[in-house]
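Heads up: the structure comes next, in structure tokens.
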Amino acid sequence: MDRMLNLDTILTVITIWVGIGVIALVAPRRTRFIAHALFPASALLSLALGALAIHGLFAPPQATILGLGLPGLPFHWRIDSLSAFFLAVIGVASAGTSIFSAGYLRKGEGTAPGLQCLQYHVFLAAMALVVLADDAYSFMVAWETMALSSYFLVMANARVASIRSAGYLYLLLAHIGAIAVLLCFGVLQASTGDFTFANLRAQQLPPFWASIAFLLAVIGFGAKAGIVPLHVWLPEAHPAAPSPVSALMSGVMLKTAVYGLLRVAFDLLHIQIAWWGALLLGLGLLTAMFGVVFTTVQTDMKRLLAFSSIENLGLVFVGTGLALMFRTYGMQALSALALTATLFHVAAHALFKTLLFLATGSVLHATGERNLGKLGGLIRTMPWVAWLGLIGALAASGLPPLAGFVSEWLLLQTFLFTTHLPTSFLNMLVPVVAAAVALVAALSAYAMVKFFGVIFLGQPREEKLRHSRDASRCERIGLAWLAAGCVMLGLFPIHAIDGIDRVTRLLVGFGLGPTVHANGWLLLAPTSIQRASYSPVIFLLVLAASTAFTAIAARIVYHGRLRRVPAWDCGYPFQTARMQDTSEGFGQPIRQIFESFFRMHRDLPSPFDARPRYRVVVEDHFWYWIYQPVQALVERVARLAGRVQQGRISIYLLYSFLTLLMMLLLMGR
Amino acid sequence: MTALTLLLACPIVGALLLAGLGHTRIGAEVNIAASAATTACALWLAAKVAADGSLLAYGELFYIDSLNMFLVTLTAFVGLTTSIFSRPYMRIERDHGRMTPLTMRVYHAAYQLFLAMMLFALTTNNLGALWVAMEAATLCTVLLVSVYRTAAALEAAWKYFILCGVGIAQALFGTLLLYLAADRLIGGGEGALLWTHLEAVKTQLEPTILSLAFVFLLIGYGTKTGLVPVHHWLPDAHAEGPTPISAVLSGLLLNVALYAILRCKVLADGALGNGLPGRAMVVFGLVSVLLAAFLLHRQRDIKRLFAYSSIEHMGLITFAFGLGGPIANFGGLLHMTMHSLTKSAIFFAVGHAAQKAGTQVMDEIRGLLQISPTVGWGLMLGSLAILGMPPFGVFASEFLILTSAMRQLPWAAPLLLLALAVAFAAVLARVQPMVFGETTVKRLPHPPALIPVFTHLGLGLLLGLFIPPFLANWYARAATLLGG
Amino acid sequence: MLVSPYAFLAQVVQFLVALAAAPLLTGWINQWRAWLQNKTAPSLLQPYYVLHKLFQKEAVAAENASPLFRATPYVVFGCMALACGIVPAVSTDLPLAPAADAIALVGLFALARVFISLAAMDVGTAFGTLGARREMLIGFLAEPALLMALFCASLITSSTSLSAIVNKMAHSQFQLYPSMAFAGVAFTIVSLAENARVPVDNPATHLELTMVHEALVLEYSARHLALLEWAASLKLFAYSCIGLALFFPYGVAQADAPLAMLISLPALGLKLAVGGFALALIETVSAKLRIFRVPEFLAVAFVLAVIGLLVHGLLGA
Amino acid sequence: MIALLTQAINLFAAILLILAFAMITQRRILNLVHLFTAQGLTLVAATLDVGYLTAQHSLYVSAAFAFALKVVVLPTLLHRLTDRLQVRFDVEPLLNTPVTMLIGILLVAFAFDLASPIAALSASIARATLGIALASVLLSFLMMITRAKAVPQVIGFLSMENSLFFAATAATNGMPMLVELGIALDALMAFLIGGVFMFQIREQFDSLDIRHLERLREE
């Protein structure tokens, strides 16, 4: 009875979310009320949801049916470990964003706060319902509602043309993805006409149709996850939205795509085929490389983060691909390991990416600048944001002992086992992939140094930055909550893996829980202690100890005197803040090395130019390779179709005449 | 019985009244009152039918079952909301000098007459009478389309007149053939055209004649339904007539024409028993959906845009009924309802938008959210709804249709989805800047009548999330009635 | 887990040895460089004098330097100390060993790199940012290369824990691993780059066209600078130990024989001496690269390491 | 006598067909009107004949209606119209006459072919007439397609209704009265509305050439 309670409570929480939105709609202009009453309340709800989800993670699956929906197909809801895990991610991350929004929301042009509040909460509810849905219809409804609400949030101040086109691109690709997903379900139900997941699970598809379904799922969910080449919307839409929304979209919404893929590939499909894994691996790798390389050359802080999200989702796909491959070769343990790494990365990315986006939000409010070229030195005026952001940046660059590192570590561990794959081709492929993954990780560190260094360090590149104010209290709480999450997840991975264990048991029938626990809570050893082990806590303790010891020793043995002087100008006294290295400059080496990735337009000033201007535009090949041709094709077909309709009544009569004769010929027989 | 009598009487009386005082200040109010009365009767009748099954009236001249009952209710309801919408709208038109007292009078009278004719067509049991009513409805709307007397309006009306005239003539020939087939069984006279009688003996009807008859009927009534390639009158008529008329054309007349096809399909199916009629409808539906979807990309006029979207959706519905089977039929009926609700709502919003911007050219309509947020949101939500975005009801019906397509015609489903994606791209690309874009136009004084818009959208939203059982049963019964 | 007293002892000894011997190694290398270039060499203890001098001086920091700037030297020093504590140089039975394996070690170096780069950007001089950029540029290629080199060993010994690697390498019967050859070359290149050595960097010059490490620490003075320099030599020491652990894992004490440390210490000294000489030799015979050639140079290392992995996959050894 | 009258029906049918052909070829609008009137007369005759043969008195009534409408009212209205609008000739039709004739012949063949199985089944006294009715429907359709002016188009439309009427009476011994009335009414309404339009078009474009009506298009 208590178990039955769980799912119902969750649904209630979700309903209350929507309720909050509706309340806000009643008083759309009362910003203070919305900010200081509604958003904190919804943050509490998020916490509750997270707690319930974690409870559900360890509880057996529960299902319930709501009388709504289609007559033949009422809304089925179900929570099992997989959905619970993602629900927990949603809860934890959204708690941060909601409380942050409480401080962030303020009057301004664009959508009325109340309306925004409604859209925001519908968005949250939809995301939660996506992972709870247990039949195709409710899934599609939740899925599209998610897209729709986030679209409106992106359009928050749609007077900017670029934001409008971003929103259009976003909704269009989201819809096309949704269509692919719908087709996928259509294939899965194998003309039984029953669209409950239970039935889809029961179908025994022949390999061909299974592969079709899988490909459709990859397209559909890949479009949402920003997998190359369906990524084009992501770097446009995520920056366009208000920062808490960008945070939710990057940190949480992308994960629902991962959820969908896992659900279809591991749960609904009863077989897996080796090349599926290879495909995911390849796509993921391409995406990761593409994403990280573009991350390093961005000059807009939110765009930079958006591309970094593409990179991380690529890594997630790599992990999924590995898991799938192992699964097909019946190596449950390794599959579980890969899947654990993947899910851990999902959680980690949810935390640090949300944190970073929120940090950019604070910066945006304090300075009104998104362009890296006009920021700098904010660590002095906004210490809170800077230091909390630093944690996020370190986690994002996969450094020990934070969250990002653990997933990377687990993933690399997985690669070390792949030499046992039956096909030699994969054995040859995998080391290369491992190397590429390592490269991506290192590059992301590069990008994060650029991100943090250019925004928060150095001298302010604009005068106004000297007067920027630090984040408000609510914002700080939100940031701190997520930062704490990054640290905790990094320090106590074992407890997270306990939860993930349930998911992997559900999906691949094996979990790391026992092996991990064999060596106590301190030591993370996924397989055996001889093979590999990592203990973030000890790591941190020793590091901190030796650091502190050195500091103290230096003071005791010698002295701690410090004199403040102007920075050394290398004998050239006329230095200004503009002479610092720009963000373009910082990315320039990468741009040079990976030139083939970009489509660049650069205009360099001539040496005799009186007022020299340097401009470089970095564009995406795929736009020209795929999207423009498709657009042209549609246009052409439309023009042909237009020929039919050319205004002369006799011709119209002729059409109907011929149609008549043809039909008579066909059916008269 | 009495309910039925009143149902048909109200609009006719209204028409007569309005012919007298349609140009006066209270013309619009009378119009609303008549429509309201009609709706009330429709609900009454619906209640009766729901209570004690299908009924025959006036010596079998009228026949009400679950299939036409819901259409009657829908027609009456949309008729009412449209009249509410048209009150401020037409007033503004008159202030702009586009309507004269005479044309106002014609407009109001013809509007009620049109409603009466559609209700007659829906309720009658006699296929000949059905034809007569359809023709009469066409003639009324021809007048309404040409009411502005501009060159474009005249051209549109003339095309409408000729093309639909010819189409309807073919339908008449089809009806003749039906009669010919029937009187060999039932013997001549009234009985041979009564749908109930024909339905009773449908299996013995002569297949060769029926197949010919169905061809004529399909193309004849299909012309009015706006099936490609006999759709050409539709965009012109929608774009050039007054917006309320576009709303009722899209929302109601197309449905009624399709209803006529359905009645005939039942007979043809019974006689032929080879599913050929279904296949024909499937093909027509697919062609319509695809062509319309691509033509959406070439639109500059906002009303034309949504006219083509109507063609697309009518094609989808025809496709659904062509598929047959309980789920597809259910989806088709639901989609009929959803489409007429949503599309008329859109046309209401479009009307106000076009009035506020002073043009129907989409490139010149911008930033509705600033001029009038409610109109803007109405247009935006309506468009998203008609594009099949959940949680609106259109998605529900499209889901049903697509899924049954996946089951019965796997090759057709991808085509439909392609068309839907293409249509989505086209419509969103045009609506978004109109709603969100920048504008210099100042807010206009006269407040729009937005109750209709949001009532329709609200209903659409409701039905997308929850279809009340009685409605579901109703549809289900109608669906079984249509058979496979 | 229970830590045996010997293990604890070994850990302490290794820390002390590292801290003490790191500058000595640097001095030794500098001496040999000088001799090989027919210069009169500085004293072997020169690094100690320098450190002492720097510690005594009054520290000077830029006005706008943030706490990050001041904390960094300690953090970096801590990282390097921890690294030296992890790598099994004296004994494989180290309590800290299981806390961080090869991957964590690479992560550790990355952590130090990120901090020093951020600190360099902190003051906001042209040089600092330039140094940071170049450091990260070198890092993003060197790191994966190092990781792959380590993986070659890991695949052979099917473990990423360094002590396990050393154990297996040293005590399985002697065998030639072709993959390790590739790994060896890759590792050498990486350690040259990572320790700011010719041909990648030249600590001896302050030419802005070429300098990396010096640009990073340009703003530092006194104890901060001292710590950074010390950390640099610790890094060199750690790298040397890793190299030894991978390629000459002989003579390192085992858990079963704690007293073997008495042998392992001199062995370590000898190996380091030879290694230092080799390094000096390489530096002398090779010429400084242009900064834009450096990525290619490192790419070679990266590719070699990957080929090493492939070779292992191919030959199963 | 009976036999004679029975054959007479087929004769009328043939006349109708001939008239339809004549209409296709005819370019003078006045003659078109005359032909239309002739068609009406034939129709009336045929209806009376069938009514007599099948002893259906309802058919006499509808014959009367037909006479009133198709022989008296519409032709007079058409005459008025042509006088008022000053239209004498149709411009060169969009398809030249011989070709149109050829197509027409093909259509007739096709129609007969289609109708033959039905004729075999038909219970009515005049089997072959359905085929002819269908043929003349198609011919009037063809006429509407080929004509480039408003008035001939309307005449084509009306003659199509004539053929339908003929089909109704001859082939099926007459539709129910109510329907007949409805159809007749609609035809009248349609004609009136068409007439109104022609005036409006005329004053808009000061010509009845429907090639002015090609503005609304998708190109």
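For clarity, chains are labelled A, B, C and D in written order, and residue numbers in each chain start from 1.
As a convention for this text, contacts are C-beta pairs under 8 Å (C-beta built on N, C-alpha and C of every residue); 3 or more make two chains touch, one makes a residue touch a chain.
Keep in mind it's a predicted model, so treat the numbers as computed, not measured.
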Chains contacting each of chain A and chain D, listed by label: B
Of A-C and A-B, whichever chain pair has more C-beta contact pairs: A-C
Distance-maximising chain from chain A - centres being C-alpha averages: D
Closest chain to the centre of mass proxy, which here is the mean CA position: A
Whole-Å separation of chain centres (CA-atom averages), chain A against chain C: 36
Chain A and chain B: spacing of chain centres that average the CA atoms, whole Å: 44
Whole-Å separation of chain centres (CA-atom averages), chain B against chain D: 31
Inter-chain centre distance, chain C versus chain D - centres from mean C-alpha coordinates, in Å: 102
Multi-partner residues of chain B (at least 2 other chains): 158-159, 162, 166, 208, 212, 235, 295, 298
For chain C, residues that touch 2 or more chains besides their own: none
Touching two or more other chains - residue numbers and ranges from chain D: 114, 141, 144, 153, 210, 213-216, 218
Topology of the chain contact graph, where touching chains are joined (line, ring, star, complete, other): other
Every chain pair meeting the contact rule: A-B, A-C, A-D, B-D
Touch list for chain B against partner chain A, complex: 158-159, 162-163, 166-167, 170, 208, 211-212, 214-216, 218-219, 223, 229-230, 232-233, 235, 276, 280, 291, 294-298, 327, 330, 367, 369, 384, 387, 389-391, 395-396, 399-400, 402-404, 406-408, 410, 413-414, 417, 420-422, 424-425, 428-429, 432-433, 436-438, 464-467, 469, 472, 475-476
Sites on chain A touched by chain B in the complex: 67-72, 136-137, 140-141, 144-145, 148, 155, 158-159, 161, 164, 167-168, 171-172, 175-176, 179, 182-183, 186-187, 189, 191-193, 195, 634-635, 637-639, 641-642, 644-645, 649, 652-653, 655-656, 659-660, 663-664, 667-668
Chain D to chain A touching residues, read off their complex: 94, 110, 114, 138, 141-142, 144-148, 153, 210-211, 213-219
Residues of chain D touching chain B in the complex: 114, 117-118, 121-124, 130, 134, 137, 141, 144, 150, 153, 157, 160-161, 164, 167-168, 171-176, 178-179, 182-183, 185-186, 189-190, 193-194, 197, 200-201, 204-205, 210, 212-216, 218
Contact footprint of chain D on chain B as seen in their complex: 126, 128-129, 131-132, 135-136, 139, 142-143, 146, 149, 151-152, 154-159, 161-162, 165-166, 169, 172-173, 176-177, 179-180, 183-184, 188-190, 192-193, 206, 208-209, 212, 235-236, 239-240, 295, 298
